[in-house]
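The same chain A turns up in both complexes below, where it pairs with chain B and then with chain C.
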Partner chain A sequence: MTDRRIGVYICYCGGNISDYVEVEKVRVAISRDPGVVVAKTTMFACSDAAQEEMIEDIKTNKLDGLVVASCSPKLHLFTFRAVAERAGLNPYQYVQVNLREQDSWAHQHDKDQATEKGIRLVRAGIAKCALTEPLSTMRIKTAPRVLIIGAGVAGLRAALSLSDMGLSVFVIEKEAEIGGWVGKFGSMFPNDRKGIDLIGTLAGEAGQRDNIKIFTSSELIEKGGSIGDFSVVIQVEGKEKISLNVGTVIVATGFDSYRLTEGEFGYGLDGVITLPDFKMMLDKSNGSLAFNGRKIKDIAYIYCVGSRQPREMENPNLYCSRYCCTAAVHTSLEVGKKDKSIHQFHLYRDMRTYGKYELLYNSALNNGSVFIKYADDDFPKVERAGDKVHIKVKDLLSHGEEFDIEVDLLILVTGMIPRKNNKLADVLKLPIGMDGFFNEIHPKLRPVETVIDGVFIAGASQGPKTLAESVTSSMAAVSKSAALLMKGYVDLEPLIAKIDPERCVWCDECTKACPYGAIEKVSADGKEVARIIPSLCKGGGTCVPLCPQDAIDVEGYTDVQITAMIDSLIKEVK
Partner chain B sequence: MSAGNSNSSRVPRILVFSTNNISDPGIDMAGGSHMSYSPAVLVIPVPCSSGIKPSWVLHAIDAGFDGVFIAADGTDCAYLQDCTKRTGEIVQKAQSLLEKHGHDPRRLKMAAICSVCAESFQSHMDKFEAALMKLNSTEEKVAQ
Partner chain C sequence: MTRVDSKFIDEIKTSESFNASACMNCGVCTAVCPMGLDILPRQLFRYVIIGVEDRVLENQETIFSCLMCKMCEQNCPAGVNITENVRTLRTYISRKVFGLLRN
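Our next item is the complex of A and B:
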């Protein structure tokens, strides 16, 4: 039995639930469950009137638990937590039961069974609610400062926007020069603006701001604290250490260009170079193009080098690098501008000049570039023949006809790969995806947030992106950061792990299991025990089943709660 | 309406552990698209599948569920890069716990259900239901 006083509200959802679940029957069935003091049905639980009624009921009946059985918690968990709060009830003593997405809508052909299931689900919700405890969020004052790691286009653009909003920004760049890849390039698609100029403008602007400080040849070596109040240590030129206090961190460390092994697509032969190298060479040349003193008359490009690799390979890069088709096509147009007489052959797999960039592909076609489509499993073969590079390729567009092409220069259109940044990932405890790039919480719904609260990712550090896409994502990270810091405080969710010091014998299993370093050793009553660091724990609960002493629970999902829910779900329905 | 005894003709009761961020939205989507599956499927959402205790699985089977399905985050998990591996270890432990208590380990199943994996969830439920039906009837025959 329980001495709890719980109010239960079962929603019709204007027919969405009540057309398939006999809502009144559910109400009657649960109304005598232990702890239930109020049991009502309502047309729309989320309506203002229904919310007011709940508040009134909570106050007059001195309720200490609230259950609303309506739609998915994804929609209204926070709505009803707020109702509880307005009524003076602890919001974590509210439980939502999913009677729509996971009952009425899924079982429209069987009202009896859907009703029975509804009773079971609401019962489980009540059982869980009866075992809730009041919890409070932890409020942390935020420091109005941001650390940006990486001074490429994504990092620099983010710095300016944050500075515009009055926030102080520290930018650290590993290299001696800022600008990342863009800072090394001349004309870039889509508008032929020079990368060097773009970076020059951004850097010039940043230099004029009092609230932006850029450290070059610097790296992050330590991070402590948590969202809103991180203490970080950076090391400048491998020597001087500087401690900073920041509210959020934006990681904009970019990408690396695919590293070829000797012999791969002829790499290592005289006259075979990568696209980044060629781009830099092209930018520097004025007038006619030459390589190793020889005038260039014919050029070939092989696309998809290091991208979309065959699964059979060891550690293949399975993804498309997005930028390269357009960059190669754009580069060939730049070649045409320098010397119209150069013949250009594009050996591609699929042309992915998506969106507006398709126009560049059309221009290349119209300007005499020849496009040859090779098969996914039949790569071009490259040899050196005299002072030429010799390529054999089968063209799918002409029924697999084999071409022998001789060129002065072969350009390997290399894809993007993650930068080797193990030290940084380790210091920040950043999750890395299957592809090796940093991982966001959700690619569609939370695209720049990471599981480390207050640490955001931006630009090509997340995966292959063009310049515009990199800046778009860095702007998203800026708004996420600023929204947090300009409020001045953050409230941390209390649904995290807790350790029973009586049971704990400090065996270290939980610390080894926690990827966030959220468990520390402390002494309590003369013995060593594990303790959760609330600001670092994410409440995932991976430590819970690994504790040999059964000493860990996650709030909201405790052992007694889950067991009680299982019992209620299976209990006979009368 | 009754929870029923072990009976091969009865629809198997399945307890699903889903995850708040990934598989639960996938299951919501199945309902949102009116894809029907057995109403004897009941879901308890948890933060991450690697946090499921093997004792919960045993408790569910002991209490009368015919099967437990762990709808895992797989590689989508935001908490852990190695979530699949960790959840796999939980499944192994839970299965040997089931065996130790005289239950068929096939009463526990795990598969990754992503946030838009509505169809895959429906198909897993149908297949698991059929498998449990078969298991129930075999066990009943042996008992007779």
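Our next item is the complex of A and C:
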């Protein structure tokens, strides 16, 4: 038996639940359960009137536990925690039972069984609630400073926006020059603005801000602390070490261009170069184009080099690099501006100049560029003969007829690959996706957050992106950082692991299991035991089943709570 | 193997009246051709666009068999000037092969 005083509210959800679960029956069945003092049904538990009624009941009946059986906690966990709080009840003594997604919506064909399951679920919620204890969130003061890693367009743009909001920014760049790829390019799509000018403007602006400090030839070598209060050490020019205290970290380390092996698509032959190299060459040339002293009259491009590779290859890059079709088409328009008489052959697999970039494709088509579609499993072959490069390609639009094209220059349209940044990933413990780029938690729902709280990713470090897309994601990382730091503090959920030092014998099993490094060794009463670092623990519970001493529990999901829930679930209903 | 000859592209291009870049190879033209000219126009135009003169010259018969009825052109969803293109090719062949026209 229990001496707890629990209030239970079962929601109709306007028919969403009550059409398939006999809500009144559920109420009657659980109303005599141990600890239940109030048991009510309600049309909409989340309505203002219902919330007020709960508050009133909690106060007058001196309730010390609250159960609402309604929709998913994803929707209303915080609503009802707030109800508890407003009534003077600890919000962690509130338990939500999901009667909608887990019951009524799942069993629309069988009202009796759904009702029975509803009774069991609510009963389990009550049993858990009877074992709750008051918990409090941990409030951490945040440092109003951000560390940005990588001074490409994504990093620089983020720095300026954070500075606009009054936050201090440290930017570290591995190279001696800032600007990343964009800083190396001339005219870029979509509006022909020069990359060099764009970076010049951003850098000029950043240089005038007192609250932005840029370190070049620098790297992050250590990271400690946690969200809102990281302590990091950077090494400048391989020598001087600087310690900083920052609230959040934005990783904007960008990408690398696909590296070809000798002979791949003729790479290594005179007259075969990559798109980045050609772009830089084109930007420098004035008037007519020449390569190794020879005037260029015919150009070919081979698309999808290093992207969308065949599965049977060793470690293939399966993804589309998104930027390259458009970049190559745009580059060919730039070529046309310099010399209209140059013939340009585009050997593609699929033309993916998506959205408004299709206009560029149309211009190229109308300006005389020839597009030839090759098959996924039959790549163009390249060889050199005399002072020309010969490409043999089967054109799918001519029923696979093979053509021999002779050009002065072949441009390999290389895709984006992840930049080799093992050291950084190691220091930050950043998860890396299947494609080798840094992984966000969810591409749609949490697109710039990582599993490391307070560490965000932005730009092409996340995966292939155009300039505009890189800046968009860096703005998302800025708003995430600013929302956190401008409040001045962050509240952390107390639903984390705790270790019983009496039982712990420091066997080290748990530390090895924790993916977040949230367990440390401490001395307590003369013996070595494990301790949870609250700000790092996410309450995932990987450590719990591994502890041979049963010394670990996760708050809110303790062994006794889970056992009590199971016992109630299997109780006789009728 | 068919050799691409970019000079041919220039020669046709300078006529300005040939334009098939909008063609998306759907085949509607072939389907409605009363003469059943199955290489005309899409395959033939592809040879012109890519720049293989040999293939174009091999198909003189077809090029001169066209009725200029504009059935294909009426039905082309991409608005390719099919008959005007065929006329350009005839002019080209008349000049290049038969020496009938002066520049």
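Methods note: the second predicted complex is superposed on the first by the 574 of 574 C-alpha atoms of A that agree within 3 Å, B and C clash if a C-alpha of one lies under 4 Å from a C-alpha of the other, contacts with A are read in each partner's own complex, and residues count from 1 in each chain.
The rule is simple: contacts are C-beta pairs under 8 Å (C-beta built on N, C-alpha and C of every residue); 3 or more make two chains touch, one makes a residue touch a chain.
As the structure is a computational prediction, the values presented were derived from the model and not from experiment.
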item	value
Combined model on chain A: chain C and chain B, fit or clash	fit
Which superposed partner A:Lys297 touches (first chain B, second chain C, both, neither)	second
Which of chain B and chain C A:Glu402 touches, first, second, both or neither	second
Contacts of A:His343 with chain B and chain C, given as first, second, both or neither	second
First, second, both or neither for A:Gly541, with chain B first and chain C second	first
Partner chain(s) touched by A:Asn366 [first = chain B, second = chain C, both, neither]	second
Partner chain(s) touched by A:Pro190 [first = chain B, second = chain C, both, neither]	neither
Touching partner for A:Thr563 - first (chain B), second (chain C), both, neither	first
Comparing the two partners chain B and chain C, which touches a greater set of residues in chain A	B
Closest approach of chain C to chain B (Cα atoms, Å)	36
Intersection of chain A interface sets (partners chain B, chain C)	none
Complex contacts: residues of chain A adjacent to chain C	297-298, 341, 343, 345, 365-366, 368, 370, 372, 392, 395, 397-399, 401-406
Residue ranges of chain A in contact with chain B within the complex	72-74, 98, 100-110, 112-114, 116-117, 120-121, 124, 431-434, 439, 441-442, 451, 495, 515, 538-545, 554, 557, 559, 562-563, 565-567, 569-574
Residue ranges of chain C touching chain A (in the complex, touch as defined)	1-4, 6, 9-10, 13, 21-22, 25, 43, 46-47, 49-52
Of chain B, residues touching chain A in the complex	1-3, 13, 15, 21, 24-25, 27-32, 34-37, 39-40, 42-48, 50-56, 59-60, 63-65, 75, 78-81, 86, 90, 93, 115
